[in-house]
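Heads up, the thing below is written out as structure tokens.
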Amino acid sequence: MEALVASAVAVLTACGVYLVLRRRTFPVILGLSLLSYAVNVFLFATGRLVQNMPPILSKYADATYTDPLPQALVLTAIVISFGMTALVVMIALGAFLSSDTDRINTTDTPESGDNA
Amino acid sequence: MSHLIILPIVLPAILAPFMLMVVRHHLDLQRIFSVAGTMAFLGIAIALTAQASTGDIHVYELGNWSAPFGIVLVLDRLSGLMVLLTAILALAVLLYSIGTDWDKRGHHFHPLFQFQLMGVAGAFLTGDAFNLFVFFEVLLIASYGLMIHGGGAKRLRAGLQYVVYNLLGSTLFLFALGTIYAVTGTLNMADLAERVAALPADDTALIRVGAILLLLVFSIKAAVLPLHFWLPGSYANAPGPVAALFAIMTKVGAYSILRMYTLVFGPDLALSSSLVGEWLLPAALLTLAVGMIGTLGTRDISRLAAFSAIGSMGTLLVAISMFTPLATGAAIYYIVHSTLATALIFLIADMVVERQGPAITPTVPMAQSGLISVLFFIAAIAMAGMPPLSGFLGKIMVLQAAANTPQQTLIWSVILVFSLVAMVGLARAGTMVFWKTPDGYEPPEPSDDADEPEDAVLSARVSRLPFVAAFGLVAMLVAMTIFAGPALTYAEATAEQLFDSEPYRDAVLRKDAQ
Amino acid sequence: MTLLRKLFPHPVLSVLLTVVWLLLVNRFSINSLLFGALMGVIIPFIIRPYWPNMLRMRHPLKIAEFCLVVLWDIVVANVVVAKLIVFRRNKDLKPAWVTVPLDLRSPEAITVLAGTITLTPGTVSSDMSSEGHAILVHCLNAPDPDAVRDEIKSRYERRLKEIFE
Amino acid sequence: MSLVLIALLPFLGAILPPLLIRAGRNAAAWSAGGTTLLALVGLLTHAPEVMRGEVLTARIEWVPALGLNMNFFLDGLGLLFAGLILGIGLLIILYARFYLSREDPMGQFYAYLLMFQGAMVGIVLSDNILLLLVFWELTSLSSFLLIGFWKHLPEGRQGARMALTVTGLGGLSMIAGLLILGQIAGSYDLSVILTQKDAIQASPYYLVALILILIGAFTKSAQFPFHFWLPHAMAAPTPVSAYLHSATMVKAGLFLMARLWPVLAGTPEWFYIVATTGLVTMVVGAKIALFKDDLKALLAFSTVSHLGLITMLLGFGTKIAAVTAVFHIINHATFKAALFMSAGIVDHETGTRDIKRLGGLRKLMPITFAMVTLASLSMAGIPPLNGFLSKEMMLEEAAHTVWWHSHYLLPALVVLGALFSAAYSFRLIAHTFLGPQRNDYPAHPHDPGPGLWLSPAILVSLVVLIGLFSKAIAGPIVAVASQAVIGDAELPYYSLKIWHGFTPALYMSAFATVAGLFLLWQHKPLERLWNALPRPEAKTIFEALIAMLVRASERLTNALHDGSLTRYAGIFVVFVFGMASYAYFTGNAPAHIKPLGDLGPLAVMGWVCLVVSASCVVLYHRNRLLALVIIGVTGLMVSLTFNYFSAPDLALTQISVEVVTIILLLLALNFMPKDTPIDSTKAQRVRDVVISIIAGVGVGGLLYAVLLGDFSQPSISEYHLANSYKGGGGTNVVNVILVDFRGFDTFGEIIVLGIAAVVIFALTESVLASNVRARLLNREPDQPIAGDAHPMMMVVATRVMMPIALLVGVYIFLRGHNLPGGGFIAGLVVATAFVMQYMASGFAWASARQTFPYHGIIGGGVLIAAATGMGAWFNDLPFLTSAFGYVYLPGLEKFELATAALFDLGVFLAVFGAIMLALESFARYAWQPGIESEHPMDINPERDDPKVSEGEA
Amino acid sequence: MEQVYEILIVFFLVVSGVFGLVGSFGLVKLPDPMSRLHAPTKATTLGVGGVLLASMLHSVLIEGRLSLHELLITLFLFLTAPITAHFIAKAHIHRHVKSEELPKPGGDHDWASLDQSDNTAP
Amino acid sequence: MIDIAIHFTFGCFGAALLMNLWKILRASGVGDRVLALDTMVINVIAMIVLYGMWFKSEIIFESALIISMLGFVSTVAYTRFMLRGNIIE
């Protein structure tokens, strides 16, 4: 199970990084989204992976619960990364509309074609 | 119970939404509120610093949950000083922005400005690692907004890079926090310190990774090579006053390094001791070199300011990376100097850019060039670390702190050689901007002395507020110089407090009460 | 009337919301009922600007009848479609487009009809004509398109017309 | 007068001229002169004590922790130099008043001059080497301003920069040298250091410190090979040259060598470095001076040469040489200042300084002629002028100095220098004033008024008087100054007189004079030869060097910071990976003992979906819409993962955020290209793949290590689990953590969201205020657009869905404290409900029915959260302390009221407002005139049917 | 009695599983996009409906508590499934179907998706 | 017995999910993929409910509810994008 989660996070990270390394804004934003998935799962997983032990206190049973703290942290992280994503989308859009290019590298002039 | 500690966070956090709700269509009112708020912020910061200067550590337990279970704010000498520095800088920058009407060029400058203050103050005051992340994000997102304030294609593209790079940094922050939490099971810094110290010696690999990742995160903020790439583009393209305000942002990184790597991963901790300084020092030296080289190798005055900021950070980080009380004292002194000087040079760069464009080859004659050239001269002296201003004293402090260390020769030669490079670069830029007559332009008046009457006419037309702000910063630099003795005493006391982390931990974890 | 109308713009919706609340809470209690009813009043009031016209529905029995018919048809439809999917070769399928002219005029009624069409045997309501007087229906397997149209009109539209108009 | 005051007086005085210039040029000059005079008088009041051999001190603590204090002391050397600086300064101020033209900003000039003067006085009075460094660098800076004073001249700028660069270089190396010296001595106070000769010379760092300090001194005093900046500093106005290059700036290096002579001199290293440098400088400088046509350049190189001479004397390391050096410092200051000022007069009156264009001025400018002649002859070493005296002593000293194992080499070279020196001095007289009168001077030359010639005249009279009555005038000061130089040792025997008898020095001197005359006679052919010889022009080399440096910096800077985020990010990833691996593999990782979880088929299936979809996002990222669809799958799977591992709150949040994000991205994508072209080469893609695999491996490996680790310390969350109900009043621990234990995080988090929305709004405003708006209005859609903008079915479905969704939102909000949910998710759900409405009926229609401004909702949310937090203050509890209680109403079950719920309401509002403001901003881009529709749906048969619509109305 | 309950629940579960599978299988198997639209809208909806019913029965009969909130999800699905199908069909018509391939819309001008008359965009 | 049935149903929906995934990756047009995604969402809801049955837990029910609501919204958004380009106009 641990290997599964770790490898999934690894794939998410790798895909995210690859997209972040693209030269256009849109894939970069997608890459950042994938990265934020990866980091959320990562952070979450540091609280250990257990099934059916949600940290909802039960009045009746003396149950065991998973670690709630990473969940709270991930929640905060999700929200923050949502805000950031929204903002970066808007900046990308603004930059594209103002400069007529969605290249992310300022080195790449619109004419430079496929060698960027 | 004194609620003073939380005020630097709560005050702007209330002021900004209030402005958004009530006065978002009235710039004048916003200005009044913003200035009043910032002044109050300054007052609070002074009170806090006074409180902290006794050497006591004040802890504020949010939600009345005791550490490490809730979040605490901790006021010690360093955090008090940093908040005070923020307040001073903020006031100057705010006055400048109002005086130059920069706040008119886009929406919501003042709320964002207040939010930025809140984020910075929170980052300085918090005693919780994850809360630090949250405040990093607050100050970052506010900075994104301020950076692209006013819009424009170039600024937006630079802003995009800035945001994306910092988002990567934020991601890394979470990876680091996750790792650290997994190993230690806590987020409170004082508690972390206890737990990290108690870790078994045969299980250090992961906490080391956590420590280094965290260091890298802070290094991004502090613009350490090779994680500094976000800085030149964004600072050079940000509105001038915003770039000046950002002078404190790099210091947040420096502050965090100081805090974390004296408190949690202290220099006498075996598992991380070889890790931090060993890498940070060469990186800091490289940062210094690249920054100073940049001042020589750029034709754009804003970029010049940006690179000098990098160079200044390099010097600061050299001091930090030695992790001795002496060096840290120097670093703390230098933090204050560097913030003020960097802000000053960005303000002046903005004055120049506003009058004749960003290139250092002049195109049109500049209004008030006399006054501006004086300011530039002062700022350049400060940035290059020339006497008599505090930069020189700071440099000497760093050099002295490096004496008798194994890397003395390296540190000394890098600092001194690149001071020269910076000096040449700044002199080159200054002479070209202020002394060279624009090609094909015949000055109607050969004199552009600040004291000439035509300048009086000009300054009546142009607001004096920007100059008040700039000269305010100069005055602070001069004060830093004249009162260098007491300042250094405070800095060294601060450094001692940092390296003696026992009281901090006791105060936060309320050991005395137990 | 107008005041009542203002306070309870959509009585049916209010009832629906109360029921939904009880379902959400998944437990019957006085508290829940009261709160549900409260919500049933407040929420329609809040969204009133977004639902300007009043919905009129009559003949509760007919509604029930219609629902039962549809539910039964859904079950049947699924078996039929499942058989088609699993046992029929693709080339033996005879898909077809069918135009169903409408007698209904109320948007709510038309929507219910369209939804019903989609949920029932082998038909998907795909589009509406530009003035809203016909629905375009796609049939998965319709050797006789006209029969499909007639069945829709007789089986569903008739009942809906009684309910809504 | 306190020494501190003397040192600071010029700085204080520097403020006056710029202020007083409005009252006229005289006022400015008076204020400058008055300040200087005051300082000079102050200094002279101490003269008697110093002459008695006392050392005066003044101490003020500045930065004691640094060893930097305002410690001043005044001994003979200090008195001599301070006297020269202030005295000549006074003359220069007078001279400058008449020299500068009406266009020159005189206020600035005097300010700079006084600053410079103060710095110089500071250097010579400092008893603290760090303080000395401060003043030292200040001289570099103020001289930079002075040299570049005529900023419109490119030579001025270049000269100033060059001076600053070279002297700055020296200053920086001196910082290092002096710091080492201070560390060896254990104090930065000169008076202490000067007593530590043995310790210093025995230290292994002696040589390093010596070289570093000497670099400082040599650059300042224009010693070979750093001599080239000085002639180019001549672009400055003449008063500046006269001041800087006779008595002050260039003498600072000599002063330092003299000052540290007691501790540094006397070793072979000292002798060879200093004496050799001095010798070479003397000869080279003199030789170049002979062939300079510019009066000031000639004088500049002669200065270089004389500075070399003094350096060489100091380098000899003998006491008598030191005395000679001190004496020559005085003499050089007098005649050189006079010469510079006279040259300035010539320039001022004739309009040129080019010797080739002058000649025959003897009759036209008799006063000037007299002054120049006397001073030049002194410079050439002709008796009975003062130059002769010190030169004689120097030759005498040189005659018996062994250098490089040879008795003759050094005297020979010294004579060569003296010979050139005589030659250029004669040439200065002959080619400027003698010869036939010309009629092609640029101006009509005549002697100036006394304001200009008074200063040089005073100096020239000194030249003569010292020559004649050396013992009486210069004797005492030379004695005390020399005593200060040589330290505690006894003053050697020397006599300041013209006639010493037939000594070797006299022969050498005579030979030099005669040969000098010969050279003057043969000047023309020699000049041809000189011009024919290739010689490296130091300025060109320097400029080329700087230009190279600039180019290299530029290339490096631009190459490093080329604006390629791709590269930055790649470096980031690789670097982080490298550092983390290093940290991991140098630490100890124990054998892991934690039992592993089971591998269910469900998990494997989820894994497959997640991995495949993530990979396909990459694979299909060129088709942007497709990538968005697939990333939806990824988000769904991540949400499912959270559910699977007992995190319902996260699952809810994740899926809601996911949907809103996709909507945002779709809104943005509408205006962006729908496809991503290939714009990376195959090699780049391979590289990127490698980098991303590195990142993946790193993160995956880290997580795997974390998950396998069995860590000894319990998490703090055990406390949260235990206290959530008791102390927080909720059973959903995650929510209690969010709104209570760590409510402050949440407070920050909603602020982040609020800021994001506000920034998005602000950005929209500024983009739409630019020319983008026009482009958007004329935009051709890049894909065909279907009809039916607001489809009926959607509208009707929304009418039912929206209230239900709102209800669900309320439900989620209310249960959050005890069960999964909470303000944040509720905010998202409610926002989604509104988004549905926007999608169904259009932005214009829906927002027309929106009564609350979203700004206000965000602000209100944050304020409610903050107010809830502050409520605790009234109970004297910290910010965000929560309270809760159970309320019993008759007939009802108990229900809970908690301040946390109020806080959560703030969260809800902020989230809702933020999302809506962001969406609204995005939607504004698409605004076109005329898209407002009065109807919620486009197709409505009821509306068109007259019968029914009547009934409806 | 327990046994009967269980059989009932198992029946619903198995049936819904089969329908769910068939729905997705149809998505893969059927030849043209419009036909594919039929499979998920019906079979899958019913599949989920079965599971929800089973869940309700399970909680009532086995766990012994009344739980009807699964009805809500069913309600949602029945409400939304036609709309999504409708929209996907519209999108398909818009992108891939020409006006001539469709039957006439009676007296009206054209089918709404293909009707360009109200597009104000230039 | 119920457990076996639950697992059987899990298997069915799992297979369905994989088929949906396949369709998302290999389809002729975006419309088909949106359809597949929509189906996937519905299948996921079924799986969540099954999961709840399996663990006799009510806690994740809301996930299913919210997913059913939001899945609809996102599908509509995708199709609106395909139809009109602008999803909020």
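List of remarks:
Each chain carries a letter (A, B, C, D, E and F) given by its place in the written order, and its residues are counted from 1.
Keep this in mind: a residue touches a chain if its C-beta (ideal position, glycine included) is under 8 Å from a C-beta of that chain, and two chains touch if they have at least 3 such contacts.
Since we're looking at a predicted model, the values are computed, not measured.
Here the chain-to-chain distance from chain A to chain F, counted in touching steps, is 1. Chains that touch both chain C and chain F are the following: D, E. Among the other chains, the CA centroid farthest from that of chain D is the one of C. When every chain is represented by the mean of its C-alpha atoms, the one lying closest to the mean of all protein C-alpha atoms is B.
More C-beta pairs touch across one of B-D and D-E than the other; that pair is B-D. Averaging C-alpha coordinates per chain places the centre of chain C 13 Å away from that of chain E. Each chain gets a centre from the mean of its Cα atoms; for chain A and chain B, those two points are 28 Å apart. Per-chain Cα centroids separate chain D from chain F by 59 Å. Counting partner chains per residue, chain B shows two or more touched chains at residues 130, 134, 137, 141, 144-145, 148, 151-152, 156, 161, 164, 168, 175, 178-179, 181-182, 187, 233. Looking at chain A, residues 20, 25, 28, 38, 40, 42, 45-46, 51-52, 54, 56, 69, 73, 76, 80, 83-84, 87, 91-92, 94, 98, 104, 106 sit in touch with two or more other chains.
Residue positions of chain D touching 2 or more other chains: 563, 565, 567, 569, 628, 644, 648, 669, 699, 702, 706, 715-717, 720, 741-742, 745, 749, 752, 755-756, 759, 763, 767, 770, 781, 785-789, 791, 793-794, 797, 800-801, 804, 808, 819-820, 922, 931, 939. The residues of chain D lying in touch with chain E in their complex are 778, 780-781, 784-789, 791, 793-794, 797, 800-801, 804, 928, 930-931, 938-939.
Those residues of chain D that touch chain F in the shared complex are 601-602, 605, 608-609, 612-613, 616, 623, 625-626, 628-630, 632-633, 636, 639-640, 643-644, 648, 651-652, 655-656, 658-659, 662-663, 666-667, 669-670, 781-783, 785-786, 788-789, 794, 801, 805, 808, 812, 819-821, 825, 829, 832, 835-836, 838-839, 842-844, 919, 922-923, 926, 931. Residues 20, 25, 28, 32, 35-36, 38-40, 42-43, 45-46, 69-70, 73, 76-77, 80-81, 83-84, 87-88, 91-92, 94-95, 98-99, 104, 106 of chain A touch chain B in their complex. By the touch rule above, chain E contacts chain F in their complex via residues 6-7, 9-10, 13-14, 16-18, 20-21, 23-25, 27-28, 33, 36-37, 40, 44-45, 47-48, 51-52, 54-55, 58-59, 62-63, 67, 69-70, 72-73, 76-77, 80-81, 83-84, 87-88, 90-92, 94-96, 113. Chain D contributes residues 787-788, 791-793, 795-800, 802-804, 806-808, 810-811, 837, 841, 846, 849, 891-893, 895, 936-937, 939-942, 944-945, 948, 952 to its touches with chain C in the complex.
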